[in-house]
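In what follows, chain A forms one complex with chain B and a second complex with chain C.
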Partner chain A sequence: MSARPVPPTFATGAVRVFSLSLGEMLWSRRTVFLLLVTGAPVFLALVARIVQGSGVVPLRVNGAAVDGGSIFGMMIWVFFLRFIVPVLGVFYGTSLIADEVEDRTITYLFTRPIRRGAVLVGKYLAYLVSTTLVVLPSVVLVYFLLVPLGQVARTFVAFAVDLGLLALGLASYGALFALVGAALKRPLVSGLVFVFGWEQIALLVPGYLKKFTIAYYVQGLVPHAMPSEGVATLLQSVLRDNPPALVCIVTLAAVVGATLWLGVRAVESREYVLDQ
Partner chain B sequence: MIVAADHLSKWYGQVSGLNDVSVSVPPGITGLLGPNGAGKSTFMKLITGQLRPSKGQVRVLGEPIWGNPGLYQRIGFCPEQDAFYERMTGREWVTALTGLHGFDERAAGDAAARAIAAVELTEAADRKIGSYSKGMRQRIKLAQAIAHEPELLILDEPLSGMDPLMRRRTVKQIKEWARTGTSVLVSSHILHEIESMTGNIVLINNGRIVAEGDVHQIRDLIDEHPHTVSIRTTQAHAVARELLADEGVVSVRFEPGGLIVETARPDAFYARVTDLAATGQFGPIHEITSPDDNLQAVFRYLVKQ
Partner chain C sequence: MTKPTRLFLFVSGGILAAGLGTGLVAAYVGGFQNLTLFAATGPDELAYLPADAKVVAFANVREIMASELHQKLQALVPRNENGLARFQEETGVDMTRDVDYVLAAIGGDLAAGPEQGRPLVMAHGHFDNVRIEGLVRSKGGMVEDYKGIRFLKATEPNGGMDMALAFVEPGLIAMGSDAAVRQAIDGHSGSANATGNAELTRLVKDASDGNAWVVARFDALSAAGKIPPEVAQRLPAINWLTLSGHVNGGISLAARAEARDDAAAKNLRDVLQGILALAKLQTGQRADLTAIMDSVELGGEGKNVSLGLSVPIEVVDHLAALRTPTGVTPPPAAP
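Our next item is the complex of A and B:
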């Protein structure tokens, strides 16, 4: 019998689980869903580009043409931040442990000399990398389809900020729903209620309730100027109440840290009974 | 003692999975025998730290197992469920899981290769697990359990789905692991399987330990009950003709993909079927299984005693 290696630390264990899970996650059926969801704005951007190329203005607000940069800003806000990022967070985050339990493969990970929490963190990292690898290229495509080359230099910093905040949004929603998935028996339903119920209502209600949503802090970081008149502006004025960027970043980082820590606690104390 | 349970109970809500079990498992090979639903899986999950005892305690290799991941460095577990990362090859899967024990990539690869060779899967190691037969899937599960050279191997129904020849080789391999100092706790609902590995058994039924000790006393009991064996083969009629010549065979009936034989002498019968499979005279014999009915009859008898 050869000498036994030292059991992995929490961090090493998480990295090993990450390596094991990344390929599985990228080639799962869920990735097809991910590609469909992120492909929709690319398709719309392509249509807008074709319309624009034919000499027709693709979008007008109160009769004024909206330029490509503003359309891109709206797509980031409406499609990516308010829909794609939370939806991916819900569907991937809640399934980090639940999928392994459902597939009955969790046994292989939970009977290794690594903490169960490292399994959760490793799988969370795999989620983050796999969703980022699909979402960000989609955003890049939308950007270059909508923004004329002449405006790239002027809008590039805002674009880079967009990419960063999308990654931060994926990290925040993913961590929150990783906790929900680790702690609750019906995590998907709870996650959908949070995103499409609680967040929508809390953002509309004046007062402090919106501070208990992730969307409030993610949207606070959106750098784009929106179209200045009309329904969109009215909605924006209701929905957007910008906290300082630093507050947003610190809060979102705290959400990631706290929810992951609670998720680790939950997964280490909970029993997972597999169906035979 | 490699496993010590003290007044161990487990409830799933109002349902009792295991009821006040106290048992000590010595080093060597020990068989855990019981029909499905007897509490075997619950006991296996408790001693592998997947479940927390509702009452009592369990110690494995002298330490509590729940919330003690470091102990898994010394334990190898082959679960019952047929569950894998289907898109990975056998080698990738065993290497990745071995890496979770702290081996660097190269050492994990070497350990995985040794384990895969031990279960005679080297030729199929680079195929995706999704393309494996049931017997191959059982063997790759065994490989992931032994790759890190554990002191204690816990095997939950390890021979399920294997053809007779592979069963024989796997039994031999398990005995070889025990001979080199690895303790093995193996569960099954087939007495014959357990008996071929060890004389030391623990009988479990209805969440309680019914008996523990030498298999031979139990053995005599089981021979009093007709034993049903299901054989999966493409040449069922030819195999049936051959087996009907045996003295112990009471009846034969056919079913899609094979036949079901009732025998009064299971020992001799299993040996005969394995020999038939080895000669290949009647084509491949893919699988032999024994329904729970045999063991249930013995347990009913034991409980009455």
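Our next item is the complex of A and C:
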């Protein structure tokens, strides 16, 4: 009599789901959205570069020319931090389990001889790799299009920090919305409300409420000044309650760990009822 | 993993690696400027400043000199070029091009006499060390070696403060009183420097958004007689005062005061509110000043009081036009 096959460990199961999901995720319709969203800043940077090359200053504030490094800083704030990272986190994170439920394919995954939690973790890793490998190269292209090589020595550390904090932001938002997707019935709506409702309001309200947002900790790591044309923004940047970098990193890492663990618990305990 | 997926990973990873690699090489060649963790903790030279610094000021000379505002002001009020030319001839330092930034501090007890309020200036840029040393020697100064650092000393003939200058790092000089420069060298090699002053570094970090800023203990300013006593007595208790400015096309200024407690901050806000209302009344008929007054914003919460204002380049142009005789246009700013 042959020995019964040993079921794969949690980590092995997660890696198998990761390699299966990565291709699916990259070649899905959602990737078109991802490419459009991350391609827009590259396109704008290219236009700015062409305009600059023709001798025209691409951006002026109060009549003064804004240098490439400052434009890059603005784009990190406006495009990547305030829009791309949270939006990708919502759209991809909430869909990790919800899409399988909607397509009624979750049964096939759950009947595999791996733990249910490993499915979530494997899919989360696939999300992290596919989004970072689209977002970060886009940031690299924007940086080298906007910042002259002569300024790279001065701005490289800030650029490296930008890449790190964007990856951390994607990891945090993705893990949080993976939990939301695993635990709630309408995860996308809840995610959008969190990103465009709760976070926007909490960041403006004086007091401790902002500490219950991810944006507060991600923005605390940004090495660029908060962009704005007027005094209001200057004041906002002066009054911005900047938590120490270590606090931001530890908190974001804790968010990733805690929400993923809760997500795994939710997937393993919840009964997913498929619509007929 | 399919072939297209592998190709995608290869291309994306390649762009990322090429970008980081290029940046790393460029930064290495350029000497890794601004290499501080998360780049927002203020200049590295803070490690030379005394731990008990009461006033710290910074100016990014290169940015300010290159600003449109400076070009306009230079056209409006020409500098004493003879003095600058002589300085350059003697020291080899072109103030407009060779100095990157300057960081200054005053430590000790300002009220206890000049020996206590020791000024220290750290200047970063391109300096001709040999020529500067020659100049100091020609003026009767002495050169010595202090902890492996070239230390130039000059004593004023009237028995005033001993002045010193040390080439502490390539492209970085420390200037000030003899004791202050020695303390800077000692502090940098040990741990007794401004980076250990958590309160000061926090305020410097907050102020360092601008290309010129000052962080000062309020009691140090009033003790040094920088604030008229009648004004100082009427102001609520303030611990720290921060002034941060960004000079480019125009000027954006943000002043922040950290009061002793919430009640003192509220009192200060009320005082400033009254002054602003009065100023708006007084300047109502002046379009140029109205633009500045309209930009003033008073805010802050808790112990903090903030005041921001913006002087756009148009206002500078307008003020320049007022100074210029009719029919004479000021020369255009240099590109």
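Points worth noting:
Convention: the second predicted complex is superposed on the first by the 258 of 276 C-alpha atoms of A that agree within 3 Å, B and C clash if a C-alpha of one lies under 4 Å from a C-alpha of the other, contacts with A are read in each partner's own complex, and residues count from 1 in each chain.
Convention: a residue touches a chain if its C-beta (ideal position, glycine included) is under 8 Å from a C-beta of that chain, and two chains touch if they have at least 3 such contacts.
Remember, it's a predicted structure, so these values are computed and weren't measured experimentally.
Taken together in the superposed arrangement on chain A, chain B and chain C fit without clashing. In the superposition on chain A, contact is made by A:V152 with chain C only, not with chain B.
For chain A, the partner with contacts to more residues, out of chain B and chain C, is C. Looking at the shared chain after the overlay, A:L81 reaches neither chain B nor chain C.
After overlaying the two complexes on the shared chain, residue contacts for A:T111 are found with chain B alone; chain C is out of touch. In the superposed pair of complexes, A:L221 makes contact with chain C only, with no contact to chain B.
In the overlay built on the shared chain, the residue A:P137 is in contact with chain C alone; chain B does not reach it.
Contact with both chain B and chain C is seen for A:W27 once the two complexes are overlaid on the shared chain.
In the superposition on chain A, A:V17 makes contact with chain B only, not with chain C. With chain A used as the common frame, the shortest Cα distance separating chain B from chain C works out to 9 Å. Chain A residues in contact with chain B (one complex) as well as with chain C (other complex) are 19, 23, 27. Interface of chain A with chain B (complex): residues 1-2, 4-8, 12-13, 16-17, 19-20, 23-24, 27, 103-105, 107-116, 268, 271-274, 276.
Those residues of chain B that touch chain A in the shared complex are 12, 41, 48-52, 67, 69-75, 77, 79-81, 83-85, 87-88, 96-97, 99-104, 107, 144, 148-149, 180-181.
Partner chain A is touched in their complex by these residues of chain C: 1-2, 4-5, 8-9, 12-13, 15-16, 18-20, 22-24, 26-27, 29-40, 67-69, 205-206, 209, 244, 246, 248-250, 252, 254, 256, 295-297, 299-301, 304, 306, 308-310, 312-314. Those residues of chain A lying in contact with chain C across their complex are 19, 22-23, 26-27, 60-65, 129, 133-134, 136-137, 140-141, 143-144, 149, 152-161, 163, 206, 221, 223, 225, 230-232, 234-235, 237-239, 242, 245.
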